[in-house]
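Same chain, two partners: chain A is paired with chain B first, then with chain C.
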Partner chain A sequence: MVIATTGQLPYILVAIMASICIYAVLFKSNLFKKMLAIFLLTDAVNLLFIIQGYRLGNAIPPIIPPGMDPSEFASIAVDPLAHYFVVTAVVIGLAEVATLTALIIYTYRHYGTIETKKIKELRG
Partner chain B sequence: MNGWRGSIFGVLFVVLMSSILIYAFLGYPELGFVRPLGEFYLFNTYNFENQDWWSASPNAVTGLLWDYRGYDTLYETMVFYVGIAAVAMFFEGHAKLKKTGGMTVIVRATARLVFVFTLTSAFAITIFSIKTPGGGFQGGSIMAIAYIAIIVALSKGFLPEMNIDLETAHIAKIVGLALITGLTIVPVIYSLASGSVAYAMQNQPKAWAPFGYPTFLGLTSLSGGLIIPIQLGEMVHVGMGFTIMFLLLTMREKED
Partner chain C sequence: MSPLLIQAPILAMLLTLLGSFLCVLFGMFMGRRAVELLSGVLTAATILLSSLALINVYLLEGPYVYYMGGWPPPVGIPYVIDRFSAPLSLAVSVIFFATMVYSVRYLEKDRDVKWYYSLRFLMQTGMYGLLFTGDMFHIFIMLELMGLSAILLVPFRKEVKASVEAGIKYGIYDILAISIYYLSTAMIFGMFGSMTIAEISAKLGGYVSPFSGGMFADPSALPVIVALIVWSFAIGAAIVPQHFWLPDAHSMAPSSISAILSGLLVQVNIAVLARILFDGFAAGSHPGGAVGLQLLVILGVASSLVGAAFMLVQSDIKRLIAYSTITNLGLITIGLGVGTSLGVSAAYLHIINHAFVKASLFMIAGVFIHATGSREIGALRGISKALPGTSLLYTLGTLAAIGFPPLSMFWSKLLLLLSVLSAGGVYPYLVLPMVVSIVFESIAQIRLLAIIYSGEKRAVNCHPSLPVILSIGIMISIIVVTGLMPNMLFEFGRLAAEDLLNVSGYADLVLKSLNYAAP
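The block that comes next holds the complex of A and B.
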């Protein structure tokens, strides 16, 4: 049997958050709720990145203080790659949400509803 | 599936999916482990003794933005451009900005002041991103907030009075992207013209590729080199993109 250690507990939080979002994306009929779930799923993945790049103890941000030796900085700063990926993912996530919002507004103007069940029942 | 059956199904789904994901995550390293690649960036970003690999930026995330993962940044900016273009495509027919009353005089005067302060802080966050947290995207988001404050307090119709309408915002956005892509290919043009080695997106000079923006511009001590203009381009691109998005998404169907 595999048991999570204390250092892996934040991953459990990410897993639960991602699962709830996946459920909403797949089974909620309201398009706006689906979009919110996609956005939160992006945040769950971003959280995963940040957790993976984190350092316990006296960690410092990835900005080198004046006079600090690069070797020492590399041994105590948090992973900048994780932060970089999150910045990139946030921009892409926002572009995605903008497009989805436009699509939802367009759908509402066309069908008068954003419930997928009702849209499916419409004829003509 | 509605009612209690739907709730039970939802709970079961979340439990099952969480279990699968947790099982997958158990193979991940525990907290506190920084990968060698991350340590490489931390070690080299502001390492005077290894200037072939440095970015001259004390902020390692900003150094990554252009010197180490520049193509990611470029394509991310393009994705954002395409996203806003898609929104514009849906709503372009409603592009006229009507001037309405807005809020009270006090709110309008305050909004103008807040606009100036917010825009200043956006520039500061962008320009000083080499040494402090922040960057083009953060600055651009703050810039957009300045315009959104004006839209909310003074109405959308006041933007043309500030020489900002949808067309101008689109042009500014394209100029921001053009600045980024232009600076990307300058080293290549230099390489072709001079016959020396230079790489697309090259920022700092290397032993085997002498092109570097600080030396190219005659500013040997320019910290971060190319990063500041790139960040400014990103700020304008993102700021104008958000402003366009907010304007278009808040327009009523028959506003024009």
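The block that comes next holds the complex of A and C.
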């Protein structure tokens, strides 16, 4: 059975990436690995956005060339909206990295470890 | 109609953003008194602006859409100021003002308070944005704004070991929730080609947008997206089984922040989820969206029972109040999940009442912890003789929390039970778990009251100062006064549910710049 045509392969890649990341966040005990998994999840979604905005074949960047008819341009250009989402999400991701890294550094200073299994002050 | 009235909610947002920047600047050059004065003035101004917006929506103009930057949807971001979002934004402003007055004396011994006030303002901006926005991607950005500032405020006392642990726990799971929400926005973009909530529901009904056309994919995969969104907001709103971060974060944060987290942050999450499910996925009529409502009912029942059961075994006063939040959120999600007009209005009233009750309980718990120097419930024995005024306020708050008539939460709990009973199908059986959880919660709260009123007079470290008592008094008086006017409460709830459940009216309102005609 053919599970995927070439058009579906990127989506399957994104699904595998996202599942691995969610698994890692929930079940890995190292805080730094959890953090990396969250950012990989964000990157998987960024990839999903880019794939959805892309056109196979002779696509052109979303900048209108001089003299081209707008309707013809719209039929062959890639979707700029997806790129806007990705750029915004990348900037937001920076704030996430800064926040989580600062918290992990403080955790290390207090406990001397970043393994969640060894941090047991609170019971949840 | 005057532009000030139209722009009032947007100005409130801009003021809080400006305040976040100015707090750091003032703190660097002028000292903490200037920062406190500035944040006091700005939060008072946001109350005024939110009240203007409420008056405008209720009495003058009716619901309207503000085009951010002048770009009409679906190109730009619409801010929908209707009878669902305006009262909630006033509740946000009032609770932020009360906790602002409270924290001046509460944080007297802490250093670097400029960051505290700055982050508080950012969180307030995020909440306004979440309540008003009509765009899925904007919700993602505002979730980050609200979530990241809350994550940094939980371990504000970073020299305390346990508060840093609570902060990292909350941080990992909240950012995971936001990332899952981001995944679902990507899937919505692939399926609908649009991020405007109104366009999503319109396209489910067969609408063809002049910008993005019709549906990009078959809506049979919609339940997957709905489930992802419910999951992400269930982490953010601490609904069982994603509740584990809440008792830690809410009990280890400074009490002024616990009040905001427990009173507003989780409720705002639920309100946004309701907006997406009802107005975006047409949960009342479309089978794909209805999956979300069934999930909400199941999770809500589990949440109310688990929260109430854990309340019985707590020995820490703030953890007890935190588990009470989980219980009440379960009741709110049941009301939303039932999906009838009565259920949604009951859930809406419970959101607002619970916000005030829980914020005041956490603020008084902070006073008790300062006075006794301990968080254990046993240490509160005899405190009513030492701090009679504060204990009286706490008693009123607790009575409201367990639904003692005629305080405000009695009416919303009554309405929730009635809504479940009046809905068809298997829903009337839900009364049983709801009553069990309400009874368990009452037992735990009354046990705490009995400890406060028992024993001999005990020595206390300090008495609460006037601003602290005043800020708590504002909250308790709101609870009492709204409880005495049930007709007004019911009217607010009914109109909010009407605006939320009227899917085609919402799409009309947002898309009217395109001469949108409902399909």
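Just so we're on the same page, the second predicted complex is superposed on the first by the 114 of 124 C-alpha atoms of A that agree within 3 Å, B and C clash if a C-alpha of one lies under 4 Å from a C-alpha of the other, contacts with A are read in each partner's own complex, and residues count from 1 in each chain.
As a working rule, a contact is a pair of C-beta atoms (placed from the backbone, for glycine too) under 8 Å apart; a residue touches a chain by one contact, two chains touch by 3 or more.
Keep in mind that this is a model prediction, so the values were computed, not measured.
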- prompt: Where does A:16 make contact in the superposed view: on chain B (first), on chain C (second), on both, or on neither?
  reply: first
Task: Using the touch definition from the top, say if A:55 reaches chain B (first), chain C (second), both or neither.
output: first
Contacts of A:80 with chain B and chain C, given as first, second, both or neither: first
Message: Output check: A:88 vs chain B and chain C. Expected answer is one of first, second, both, neither. What do you get?
response: both
Message: Residues of chain A touched by chain B versus by chain C: which partner has the larger set?
response: B
- prompt: Of the two partner chains, chain B (first) and chain C (second), which one does A:106 touch, if any: first, second, both, or neither?
  reply: both
Partner chain(s) touched by A:96 [first = chain B, second = chain C, both, neither]: both
- request: Under the contact definition given at the top, report the residues of chain A touching chain B in one complex and chain C in the other.
  value: 18, 22, 52, 81-82, 88, 92, 95-96, 99, 102-103, 106
Task: Could you pull out which chain A residues touch chain B in their complex?
output: 2, 4-5, 7-8, 10-12, 14-16, 18-20, 22-23, 27, 51-57, 61-64, 66, 70-71, 73-75, 77-84, 87-88, 90-92, 94-96, 98-99, 101-103, 105-106, 109
Query: For chain C, which residues are in contact with chain A within the complex?
result: 137, 140-141, 144, 148, 151-152, 155, 158, 161-162, 164-169, 171-172, 175-176, 179-180, 182-183, 185-187, 189-190, 244-245, 247-248, 252
Statement: Per the touch rule above, chain A residues touching chain C in the complex are 18, 22, 25, 31, 34-35, 38, 41-42, 44-45, 48-49, 52, 81-82, 85, 88-89, 92, 95-96, 99-100, 102-104, 106-107, 110-111, 119, 121-122, 124
Query: If you look only at chain B, which of its residues touch chain A in the complex?
result: 1, 9-10, 13-15, 17-18, 21-23, 25-26, 28-32, 34-35, 37-39, 41-47, 49, 58-61, 63-65, 69, 72-73, 76-77, 79-80, 82-84, 86-87, 90-91, 131-133, 135, 137, 238, 242, 245, 248-249, 253
